[in-house]
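The structure appears below as structure tokens.
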């Protein structure tokens, strides 16, 4: 191992430390980058899909999901469970023949990659940036169809996550 | 000494103890705020207004945490080590004059717990005992990282104590007293920092090392030794180390203020004459600590072998030379009179300047330097 | 009973106890710690005898520096293990007993006779608080030659210790790991 | 007597640095044999972050593979995606449209800056310069914001797909990147003022962890660690991809082969990356598709942001559901089966921030990869760790790990 020792002479060392300290002091006058999270919530950019999914409805209240299971196929993490069924013509859940009888997303598996929404042929499934997801048990991490049909509340209002 | 004297003494001890605790609390908050400021962050914000109670919250949390004793630990030593680390830190503060005096119940109560003739030696003695806490904590944990931390720490503290003592010796020679109150008196006209600037610098650097503060925080060195000597500590015992460390910081800064920055002296209006010195003292201590935090924010951690080399090969020789010079400055005018000494000093100084200018010119240019 | 007496009555048993316990202690680190306790209590006795400078020196030098180095060595070399029981020097125990008795006798005689000791008492210093100055005057004026001789002796000893303990610089063909091999280190330089 | 003394001399201490340790970049475990503070031997032990990424890709379609490989070296996700996508494209015999190529280069170079900023931050932290850590992460945050704006995610974007990229830049994206390009050079100068001449930084880095060129080549080391030894090896220059041969940049080298040289190289590489980013922005003035047209290869998705979040655009939904039965069939086929890749094998390297990141992809002509092997530079560079640290001090181990900048996600895959 070749010995290469830095040559540090006093004046340049003192100069370097002084300029370093001046640089540090300059930062004092710079704007703080901290986001005081639960008090001030910086909205994520529009494309952001760092949060939970959402199942959508048509304007007439029918569900957009047709139970095709493409999202489950696309999911690389096997996080989605869809069980399709025939619509009852009298009380259709969705327009068309089929609907999702059961729809679950396991947020312990989900990796937020977004392939599911890219696969969805009806824009029934969309990804939101509602990132305040917290669970205390495995059961809670599996979201059911009813939960996913609820639009997410504004950020910072979930009582569980109040204090971040 | 009658009963009232005893009561006043006890009262002073209690007040100083509590005051020290509160100061430490504020100091930790201040350090976190200042360094956050320098890193464009906010720092603690939740506990109390702008997070001022964060230390209290941390303290309460640590108090209720489980204290774990490792199976490999040397139990009695392990348990007593934090106390040993903390006690000398508090004791050292006893001789610091942090104000003038106030008259209570017809007696004059000085703002200083004790003013022994050995003064500053007491501080050194306590500082040298403080290392036991660290060494024993590291050894008794029965684990490798703490042991390395303890070894580093004992070597570091012993080495830098010498540099620190040399800086102090220079001041003592200059002031002609060990008694801290007299040293403060002697700075009525000029603060020692001006005639004794080199000693001040040596003291500040050695002080950083003595208190294990960055860039000399090698006994802890979280990126190398995890947390060094207190890796295995938790709960209230960890809090004691933390407390001791910060009390040490206060003490080191207080000594710097007392010896170099004129102590509690400062311009004061006539209202409440005993309050102003206190405030001045506090302000100066905080200024020194601000400097320490600033250094912490700037400098990387030095490597251990370089730290020792710096202590032994730079700080101590420099301190020795400075002690010699101070001795000459103090004694020579008495012996030979003022004039010849000043003239001689001027000649030596001129020769030194000439030599330092000439030396680089005479030396052959070194080949490709590293780290341009 | 004055405060000093109370303090003495409390501290003296601790001091003696720590000393005895140190001798009986098998764990080297515990023994060193007990010695520290002993040194500190002795230091406090100095303080009570109005010799604060001696106190400071006792704490700084003995408790602060020397004992830390002791601990340092114990920790670094891991000497806190059982030592071999055979005695390297023959008749060690007999010699130790004889020497011990001799020193005890000497001490007793000396104290009884009070040879060369002049009892100044605390009062002589307490008035002026000038014990430091008196000590300095004694060391640097009256006895400056012995003082300097001692310091030269200490420096020689320190340098000699360093030379003896120094590792021989690794030979040019050092193995890649950079470890000094056991065989390469000559036995005599390992320090006795 | 001498017997006991030599016994003392030989006594070494075994220290496990990691897997739980503040400065091992995650879960690297180093078995250090110490003589005092001198490292006698060092054995890196890996595998604590094994995630089965390579194996998993064998059970997913080719397109799904992107979401796995992006997680290998999580500090340079775009590079993983790019290497994988390029490899599959080579097997398919296609090439992404020009605009997609430019976007790939743009994001890779931004990613390189982000990764080097993390390196700067962590090595600053590990050597005790805490402020540098926060400054590094602060500037990286700006890059992550750009990523989030463009891809919707801050890490593991799954943005580079086989045949192109999934989305074009959003409106206003270019200005945002341009702002960043204006901001960063000043910040880099600040880092240099803090570190480059700082005596302690020099002491910690100069002459530490020397790895001469022959040893580096013998151990397969690539990236800044190799270039620090004076070897101007850079995949972007040697085997250009995505049109790197048309960009103007320099391959930075240093001769000293120590930690300080690596520091200088990474700082300079950030500047070079900025140069490339600026050239990309120029080229982005020209509009164009970002995904190949061929419906048998292209991933069928046209994303659009609505009040309900992000999903397929209503126009696309109308197209496949109401207008074109063929499009719907392609959509279903692509999602369920994916693309069928002709049998063959290919090795595709890219220059990741840590060195040569290669994807060795084997296809047996099916809808899934037969094997995807990631040649991760962190893993290979770690081999050189013992050579660099043995004989040094414990503190040097930290400096060396920081200067090699391994990412355990990439090492263990």
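When the chains are written out, they are named A, B, C and D in that same order, and each has its own residue count from 1.
Definition applied: a contact is a pair of C-beta atoms (placed from the backbone, for glycine too) under 8 Å apart; a residue touches a chain by one contact, two chains touch by 3 or more.
All of these numbers come straight from a predicted model, not from anything done at the bench.
Enquirer: If you average the CA coordinates per chain, which chain's centre is most distant from that of subunit C?
Expert: Result for max centroid distance from subunit C is chain A.
Enquirer: Can you pull out the chain pair that has more C-beta pairs in contact than any other?
Expert: Most contacting pair of chains: A-D.
Enquirer: Nearest whole angstrom, what separates the Cα centre of subunit B from the Cα centre of subunit D?
Expert: 45
Enquirer: Between subunit A and subunit C, what distance separates the C-alpha centroids? Give it in angstrom.
Expert: 68
Enquirer: Approximately how many whole Å separate the CA-defined centres of subunit A and subunit B?
Expert: Roughly 49 Å separates the two chain centres.
Enquirer: Give, as an integer number of Å, the spacing between the C-alpha centres of subunit D and subunit A.
Expert: Computed from C-alpha means, the inter-chain centre distance equals 23 Å.
Enquirer: Residues of subunit C that contact two or more other chains, please.
Expert: Answer for subunit C, listing residues that touch two or more other chains: 76, 178.
Enquirer: Which residues belonging to subunit D are in contact with no fewer than two other chains?
Expert: In subunit D, residues 131, 135, 138, 194-198, 202-203, 206-207, 256, 260, 391 touch at least two other chains, as defined above.
Enquirer: Using the touch definition from the top, which residues of subunit B touch two or more other chains?
Expert: 38-41, 147, 297-299, 370-371
Enquirer: Would you pull the subunit B residues touching subunit A in the complex into a rising list?
Expert: 37-42, 45, 294-295, 297-299, 366, 369-371
Enquirer: Which bits of subunit C are touching subunit B when the two form their complex?
Expert: 27, 29-30, 33, 36, 40, 52-53, 55-57, 59-60, 63-65, 68-69, 71-72, 75-76, 129-132
Enquirer: Going by the contact rule set out above, which residues of subunit A touch subunit D in the complex?
Expert: Where subunit A meets subunit D, its residues are 1-6, 8, 12-13, 15-17, 19-20, 22-24, 26-27, 33, 44-50, 54, 56, 68, 70, 73-74, 76-77, 111-115, 117-123, 125-129, 151.
Enquirer: Can you check the complex and tell me which residues of subunit A touch subunit B?
Expert: Checking each residue of subunit A against subunit B gives 4-8, 17, 20-21, 23-25, 27-28, 30-34, 36.
Enquirer: For subunit B, which residues are in contact with subunit D within the complex?
Expert: Going through subunit B, the ones touching subunit D are 35, 38-41, 144-145, 147-148, 152, 214-215, 217, 221-226, 296-306, 370-371.
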